[in-house]
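Reading through the structure tokens given below for one structure.
Just so it is clear, A, B, C and D label the chains in written order, and each chain counts residues from 1 on its own.
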Amino acid sequence: MDDYQSILDEIYTELSPRFGEGHVATYIPELAKIEPQKFGMAVITADGRLFQVGRADEPFSIQSISKLFTLTMVMGEPALWQRTGREPSGNAFNSLVQLEYENGIPRNPFINAGALVVTDLILSKHGNAKEVVLNFVRRISGQSDISFNFTVAASEESVGFRNKAMAYFLKSFGNIKGDVEVVLDAYFHHCSIEMSCVQLAKAGLFLVNHGKSPYWSVPILNARETKYINSLMLTCGTYDAVGDFAYQVGLPAKSGVGGGILAVMPDQFAVCVWSPGLNDVGNSLLGTQVLSLFTTKTGMSIF
Amino acid sequence: MDDYQSILDEIYTELSPRFGEGHVATYIPELAKIEPQKFGMAVITADGRLFQVGRADEPFSIQSISKLFTLTMVMGEPALWQRTGREPSGNAFNSLVQLEYENGIPRNPFINAGALVVTDLILSKHGNAKEVVLNFVRRISGQSDISFNFTVAASEESVGFRNKAMAYFLKSFGNIKGDVEVVLDAYFHHCSIEMSCVQLAKAGLFLVNHGKSPYWSVPILNARETKYINSLMLTCGTYDAVGDFAYQVGLPAKSGVGGGILAVMPDQFAVCVWSPGLNDVGNSLLGTQVLSLFTTKTGMSIF
Amino acid sequence: MDDYQSILDEIYTELSPRFGEGHVATYIPELAKIEPQKFGMAVITADGRLFQVGRADEPFSIQSISKLFTLTMVMGEPALWQRTGREPSGNAFNSLVQLEYENGIPRNPFINAGALVVTDLILSKHGNAKEVVLNFVRRISGQSDISFNFTVAASEESVGFRNKAMAYFLKSFGNIKGDVEVVLDAYFHHCSIEMSCVQLAKAGLFLVNHGKSPYWSVPILNARETKYINSLMLTCGTYDAVGDFAYQVGLPAKSGVGGGILAVMPDQFAVCVWSPGLNDVGNSLLGTQVLSLFTTKTGMSIF
Amino acid sequence: MDDYQSILDEIYTELSPRFGEGHVATYIPELAKIEPQKFGMAVITADGRLFQVGRADEPFSIQSISKLFTLTMVMGEPALWQRTGREPSGNAFNSLVQLEYENGIPRNPFINAGALVVTDLILSKHGNAKEVVLNFVRRISGQSDISFNFTVAASEESVGFRNKAMAYFLKSFGNIKGDVEVVLDAYFHHCSIEMSCVQLAKAGLFLVNHGKSPYWSVPILNARETKYINSLMLTCGTYDAVGDFAYQVGLPAKSGVGGGILAVMPDQFAVCVWSPGLNDVGNSLLGTQVLSLFTTKTGMSIF
């Protein structure tokens, strides 16, 4: 019987002297205010046992982890793989260079450009792209109290010129159908969603269980689509460090500049770690190391 | 005594069977309506003698030729050469790639990104960037009836997503200080200005005469600044074809996608030709050939 | 008890009408002569049971699959990860662009530039980089009759100008220490090694068994290094299609332009398929589809 | 009557405190030995009057100025403009990036890649590409004592890996027809030619006089071709600083990393300056400033 609690406790003790390492994202004024020493971690097993340590119940800004949820919502859309690729970019997550060379087709749905296209798909399908996404996240995690942080969304919107540039660039290639400002507004709100490690681990459980969430009666994805999402997380989920992350951690994962990383081991567990200090490529510095320790100590890895 | 009239007449006769060659710019709906067969040409000498042929008095959309006038207005600004380079781009006029690699500093003031920065400089200095530009163009050409074409400006604004992307990209690098939408609005209006070949040739006369316009008492530029503008036209004035244009024509020039090209021979003449059909890089196809013929027939070239 | 034989037979029957699809690599004259209809497949389980179908015993040119073996030979070298990255390239396998932007450090050891650096590491360590590699491949597969095809090596050498360019480019950045021509000669010989599907599956068995080969008493890698290789195959092993390959197949794999693909499922099996027709990115067209079918039918995937 | 002597003397006095500024090219071991304080300048008028100051008779390594002479030799070759463009590169002179994006067609004959193609054209035409070039340079300058510096050529060859990479890259695109090593050997020898400021100014005189050299009975180029060369020097002759150079100096010119710059004013004069210290883009630092001073003081500029 897996006792992840003792491993979480061990990791916490080992890492606590280093809490605060890395650089908190400062380009979004509101996010720059976070205390870098914060740390939380939660593991939930396929059969629902929950283990946690540190501030695992404190909500934080999920940022790009939201891209995992919006992608999940459009997995069945026929146009999806015409309008975005599924290859790692070999470039920064917010580069416009590749987009120009590849005529407005983002490399994958986890870079900003791809997530904007996904948001546009949601907008076309549902008529709005804000509430539907929040409701979806609430439902798959069984947590009704998850919300947008409107202050963070506004803060990001006020300085998000590069994302604006990217959205208009996509529009110039015809790869945004809706109104650019509406798409951007929804996108910034997705990034502003606040969830705790426990909530994110719960939300990731459908990726462990072949598409089924214990919190929702209808399957979220079928088994094949679930494998697809997991493979995309592995090859594209951690910015321009997917090779290194797969090498160090060996689990499909999606990270965000809020310092969170959600990873899954199919059939076994979902794990979420939060530490706001980032490394050079934008993944949580300690978060990456904690997950590496975790897979080493548990012997769990997909490889 | 130079008799340019007979040369203009010769050229007109030679070229008239080919009027309509090339492709009219279609990305701006309003511009796509122009009749491709139109053709006009005007030469004005340093001492004010005027020669013309064809529809030399019919106003057309000056488009990027406006970049010559806006640059002239900011030649004395100390920040100018910190915020834009003065090298040919080796790339399409509307590429975002180089802008990313070079951290938001446009290669020169004649590509779109550079002209947006120039427009922003005008906005900072004058508080508006529309009327001051129109007034400037009226004054240096001595023509009070030059106007914006608001339909063209609106048409361009409605589809100008790539320019929007570029402006927000510049803003993300801090290289637009003012409001992006205000800058863009001004920029689209500059491009929509309508002038005839005769008016453009007159407007270019200060570049022939070391900075002095016969239509305005105060020198527009000093002799050194005038040389600078001429050198910039030669190395950056005709999109990604400056080498070929210098090779074929041998005169400093600025072209626009409306089909106009304004060229100058220092101490001798300004010449403007208009033919709406463009070649692959966006310069007037016949316009380029006409100017090549003109410099061959007159033996006039800076080389 | 897994009966892979019936699945192999099923796949063979299903796919046989399509044998010959794709385009045989023609840039190497000697390889262009291969019959495109050839097809073979072999599976070997962790405990040594062998299943095969088609021409699974016919040797073919392993080409880039050799990069897996040369990388394995240098996994313990301290300089390895200073001299090559471990990120997917987001580019063609033989692009020089990224190499210039990233100052001569190849993105990973599975693109040509990275494999040239690996070959140079082997040369520095062993004093030669040809026989040691061949001997290593013989040993880990327990097959003493594996050889270079000198005609193919010479054929590749005679037209391998782009690889030459790449090697001299690496040298210009100081990232080749040895003689460029010696490194290239070794590299072309590695690519020319001929092995059958059965031999390749056997050679891959150490990646299934945490670094241990049944054919060699000493562990080839430790468990951690073995995980590293598997993760690198997943993120970088199939040219600029790793995302799609992970999505369709879901196994770590290394492909070659000879039409072979070697894939592994840790703790379960190694599988090798051979079909010379390639898809647009250079992976075996049917090979990729066969492996996708195989993981679907067996329910085996790391995701 | 132009008295350039007093201007040269003035410039020498003004600049002498700064002799030695800039950075001598160090990537070629033999060139790194040069004393940075050396300075020479020569002007020769269209009608043959010679003015000089400093070490104007001391031979130095002409390096890329040789590209001007090799281009002149192939101006009439029909394949020339199929195999190289004539646009500024907007990139470093030895970049391989653009060459890959533009499928092996160099942007112009003055970047290294273009000069390698030109050398290959000479090789195809004359059967050798070394002596014919040296003889040509001797003839157009009327100086029989000009020679290769074999030590410099060997020094460059021993470290010229990037040029080797480029030549093999061109070969991989089919844009080198001859043997790559023969082309490179010739190229390195061209760069090693040693000439003084006086000799270079004399060699440039045909560009002042519509293609006619006073030292050779047959016209070197016709008037039209001469204009072409001059325009190419202006748009492509000074590395990735042509815009700035045209702006500061206003003359067609070709520079070399040996610290020489040869410039011409059509119908007026050829001028050569030599100061080994380079600026960031690889042009002589003082050389550029001296020419700027010279055109300011003489009022001579093509603009």
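Structure notes:
The definition used in the following text is that a residue touches a chain if its C-beta (ideal position, glycine included) is under 8 Å from a C-beta of that chain, and two chains touch if they have at least 3 such contacts.
Every value quoted in this text rests on a predicted model; they were computed, and no experiment measured them.
Between subunit B and subunit C, the least number of touching-chain steps is 2. Among the remaining chains, the Cα-based centre furthest from that of subunit C is the centre of B. Each chain gets one centre point, the mean of its Cα atoms, and the points for subunit A and subunit C are 32 Å apart.
Distance between subunit A and subunit B, defined via averaged C-alpha coordinates, is recorded as 47 Å. As a whole-number value, the distance joining the C-alpha centres of subunit A and subunit D reads 55 Å.
With touch defined as above, subunit B holds no residue shared between interfaces to two or more other chains. Two chains count as a pair here when they touch; such pairs are A-B, A-C, B-D, C-D. Subunit C meets subunit D in the complex at residues 95-97, 100-101, 161-162, 164-169, 171-172, 180.
Subunit B makes touch with subunit D in their complex at residues 85-91, 98, 107-108, 224, 226-228, 230-232, 234-236, 240-244, 246-247, 250, 252, 266, 296, 301-303.
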